[in-house]
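For reference, the structure I am asking about is given below.
When the chains are written out, they are named A, B, C and D in that same order, and each has its own residue count from 1.
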Amino acid sequence: MEINGVQIDDTFAEAFPIKMARVQITAVTERWALEAAREATGFGTSVIGCSAEAGIECIVDGSETVDGRPGANILICNMGYKNLENSLLFRLGQCVLTAPTTAAFSGMTEAEKQFDTGKKLSFFGDGYQKNENMNGRNVWKIPLMSGDFIVEQSFGAIEGIAGGNFLILGQNQMAALTAAEAAVDAIRKLKGTITPFPGGIVSSGSKVGSKYKFLKASTNTAFCTSLRSDNVCTLAEDVSSVFEIVINGVSREAIQASMKAGIHAACHVPGVLKITAANYEGKLGIHQFPLHRVLE
Amino acid sequence: MEINGVQIDDTFAEAFPIKMARVQITAVTERWALEAAREATGFGTSVIGCSAEAGIECIVDGSETVDGRPGANILICNMGYKNLENSLLFRLGQCVLTAPTTAAFSGMTEAEKQFDTGKKLSFFGDGYQKNENMNGRNVWKIPLMSGDFIVEQSFGAIEGIAGGNFLILGQNQMAALTAAEAAVDAIRKLKGTITPFPGGIVSSGSKVGSKYKFLKASTNTAFCTSLRSDNVCTLAEDVSSVFEIVINGVSREAIQASMKAGIHAACHVPGVLKITAANYEGKLGIHQFPLHRVLE
Amino acid sequence: MEINGVQIDDTFAEAFPIKMARVQITAVTERWALEAAREATGFGTSVIGCSAEAGIECIVDGSETVDGRPGANILICNMGYKNLENSLLFRLGQCVLTAPTTAAFSGMTEAEKQFDTGKKLSFFGDGYQKNENMNGRNVWKIPLMSGDFIVEQSFGAIEGIAGGNFLILGQNQMAALTAAEAAVDAIRKLKGTITPFPGGIVSSGSKVGSKYKFLKASTNTAFCTSLRSDNVCTLAEDVSSVFEIVINGVSREAIQASMKAGIHAACHVPGVLKITAANYEGKLGIHQFPLHRVLE
Amino acid sequence: MEINGVQIDDTFAEAFPIKMARVQITAVTERWALEAAREATGFGTSVIGCSAEAGIECIVDGSETVDGRPGANILICNMGYKNLENSLLFRLGQCVLTAPTTAAFSGMTEAEKQFDTGKKLSFFGDGYQKNENMNGRNVWKIPLMSGDFIVEQSFGAIEGIAGGNFLILGQNQMAALTAAEAAVDAIRKLKGTITPFPGGIVSSGSKVGSKYKFLKASTNTAFCTSLRSDNVCTLAEDVSSVFEIVINGVSREAIQASMKAGIHAACHVPGVLKITAANYEGKLGIHQFPLHRVLE
């Protein structure tokens, strides 16, 4: 299979279940909503070493938000609901409540699982917090020095999928990187997914396990082109750099749509040689996304 | 005392000692260095609920960096050295090693306190990591799918100061917020300090303690203008919003310079009525920054 | 009439016919498409002193563009078709052909009026340009040092409307300015319109004519709050600053939708006191947009 | 000669004299100063088809500006002083006076050549403009709807140099483009120069003349790698894309410093094969910048 002359490997991405909550952050302008969203989703690339995996799902305008102001939807992901509840409490409390002019609403009101994060945050009001109804939502109004902070009482969460992915093999590092950027541009236009790594891109794809027993993951040596002389790299001679796009999403459909849009975008960048995907013989997870089927 | 017609209160900012490390992140372009720096300093506003306080200190060009590429210096802060070592390990490992084209160097090579963070990260190379000398620095070269990651063996840390601050009192929320933005613009031009809150600005200044025993800090009720009718707010009638700028720095001098530049910038914004500072009768810390002396 | 407590004047915006062309600029990434789009629409606020009125209509992703790459649609406006043809030739030739990785396609293929701008630009190929069919479009491929530039043979143009507008009256300058920014955020989400002034905002609303015979327009003295002591300003005492949003669009419907979205967004910003519109007793143009009807 | 393994051709850049003025634009925040600066320097790549060549020279903070607010310095260039005077009048009148919260000051107060642009713009005040002294500058205060606009009476201009340049030859388009971006990053840190093309980069380097008599310049066929099969391209086989950086500056020294910084930055990007420069047997201009001497 080829797209725009770029070969698409007949393989699949391996992914795993994760718990996730969507938070709608609004502010006086889109710019301030994004400032809060970036802070709240920072240091959130992988649960291997971060307290959560997090990213900006999409920008939303006043016609789509609870309070009619511009906003950004973010997704926060953890392996278990207990950790997710903590992530919500600390990321909203430290990065959204503290940010200029923001409010925070649940983006998963229908979910069975609900956390009373807003209620817990409301105690910051030191007795002056007030429970109110706002456009059908049960919210807390917390007095701040800069104005009132509005936060929804409950935040819903669901089981989604983490680790959807594809790999971009390039003639050189800049071709592969620009293709990765184009892929992330395309994925950001779609709802239901995030790409939690820096700029949406992974420079350091890993394999499960290591020669060091204290490490659960290590560099994906078979794809490291600087290890050619060590006879470890299995990539074709013309490839000199590989970037990975990792996608977390609310559903299989959302991840498939983002993989499709991202791969198509990457294949329009000159110097891209091949698209493949990362899988780990089932050691990582139960979900499989075959590239050829995703691209149908 | 007045600047540009804005009254400067005769009071002081109360601050406290904190441990901090500077990391120089370089990349193929300034844009990619900033992507990594933002991810590595995210979810890093206050040690009350974040694993560290962190921010971008300044952008550096090729003439100032170890490898001649453009970069960004960041500061990472924790109350103790043990936590700071963890912060370095996880924030560099999860947010810089994973970011496209980056390298990471110590920005405090002379410090007495040194952590072997680079050595620990090097095990990700699964045996293929190499120790090298690069422009006088002892670095590890770790093979990645996208290219090699260079990280310095040791990262230095010092005792600095957290909680330098001033408050901007505005005729309305947008005047105070724009003044806060102008203040942060000015502070970002200076080396030696960060403003760790979202966009550099705190919307939710707090007091020490709360009526709820489980809370160490709660909203600064005396400055909440929406609590006027409760006879709690002590601000003048014409003030309707207050934003705080919190500054962490490597030294008293650095914090003073940033407070001075930030206050001057804020006082050029129409609708700003007064500048004051937050202090807590010594409950927060041992450092005092009197506004009038800082502005001399 | 009120929105969110902000009074909406019962008046109308006065606008006039203008000729306009839409150009779809694509590039390897959204960022590079936007760089070209910004350069091509720069120095393009008002035909009073610029060679055209121009702005970015919207960002488009690969599913919406002719060549499947990310892009930006721009609108270029002139009073007559002859000037518009010149604007297309020079703005595309100097700012898009010269920009990294771009291509340029017509965004009004169905229009009766068509200019052979692409054919004219193709001569830059010095005999090596080639005429081709690309996804149903008749394009020229011009060899450049950096790669080939693709430009459509013909660019269509229609008669649209310029000067749709509304005015934001604020308690102070920062409130009115932030509301203007929020309005522009909202308008940019909609297709069919541009806000050609810097950042989408006019700081210097004008009246038709002047005491100086050589000037066709001068400052709108009745709305200048610094002229209160001269008894010239007719605004209420509590207003201290007024910003104007000027909107050009492809149709009455497009301008109405943008006015509605922009006004709603502005009315969510604290410190906004009133919305009105600019009209000139028919001296400016034949189109009227009554605020109350637009907001129905 | 080599830098970082990249060959530097032993050739020179050919440049020509041009008239230029520096304008200091200030605003309430850096962001608004940049909005005005971008609009005022847009559609300003080459005097072949634009009314001026223009660009942002540098960002300046409150300690460097006339009114103590943040700002941006821009350079506007024309072949003759008469055209430059027009450019100042129209670009400041249409793009700076109209932009939120801006002021405009001369950045060349010592120059012999002075234009009374500020005085001319002041008539927009319709008789309510006032002449004042502001921090030693002779300025006009023009009442606007949004507040007062401050503009200096006189703007100075000098003879500078246009067309300083170098070419980046890459293994593929993305390598050459990223190197060009890195070069522009480095040049933007230096005062005294601009890179007027979109994003600072030229994708369409030209030769003087054409087979078509009506064209003064056409694509630089000898460097077009898609013309290899036509036996027109003279580049080595491994080169597949070439981008040019064009630099205008206030002096030989300024252009040399920017060429040096830009070339060094480009040579740090993987996939860059060679640096050369464009010259035209003296047909373009009298200034020569030999690469090896510039890099000493």
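FYI, contacts are C-beta pairs under 8 Å (C-beta built on N, C-alpha and C of every residue); 3 or more make two chains touch, one makes a residue touch a chain.
Note that this is a predicted model, so its numbers are computed, not measured.
Centroid distances built from C-alpha atoms place A farthest away from chain D.
Of the two chain pairs considered here, B-C and B-D, the higher C-beta contact count falls to B-D. Centroid to centroid, with C-alpha atoms defining each point, chain B and chain C lie 39 Å apart. Centroids of chain C and chain D (each the mean of its C-alpha atoms) stand 25 Å apart.
Inter-chain centre distance (chain B to chain D, centres taken as mean C-alpha positions): 34 Å. Touching two or more other chains at once are residues 28, 147, 173-174, 177-178, 269-270 of chain A. Of all residues in chain B, only 28, 32, 35-36, 38-46, 48-51, 54, 89-91, 93-102, 123-128, 142-149, 167, 173-174, 176-177, 180, 197-199, 201-206, 210-212, 214-215, 217-221, 223-227, 230, 232, 241-244 touch chain A in the complex they form.
Those residues of chain C lying in contact with chain B across their complex are 171-175, 177-179, 269-271. Across the interface of their complex, chain A is touched by residues 4, 28-31, 61-63, 67-70, 147, 178, 181-182, 185-186, 189, 261, 264-265, 268-270 of chain C.
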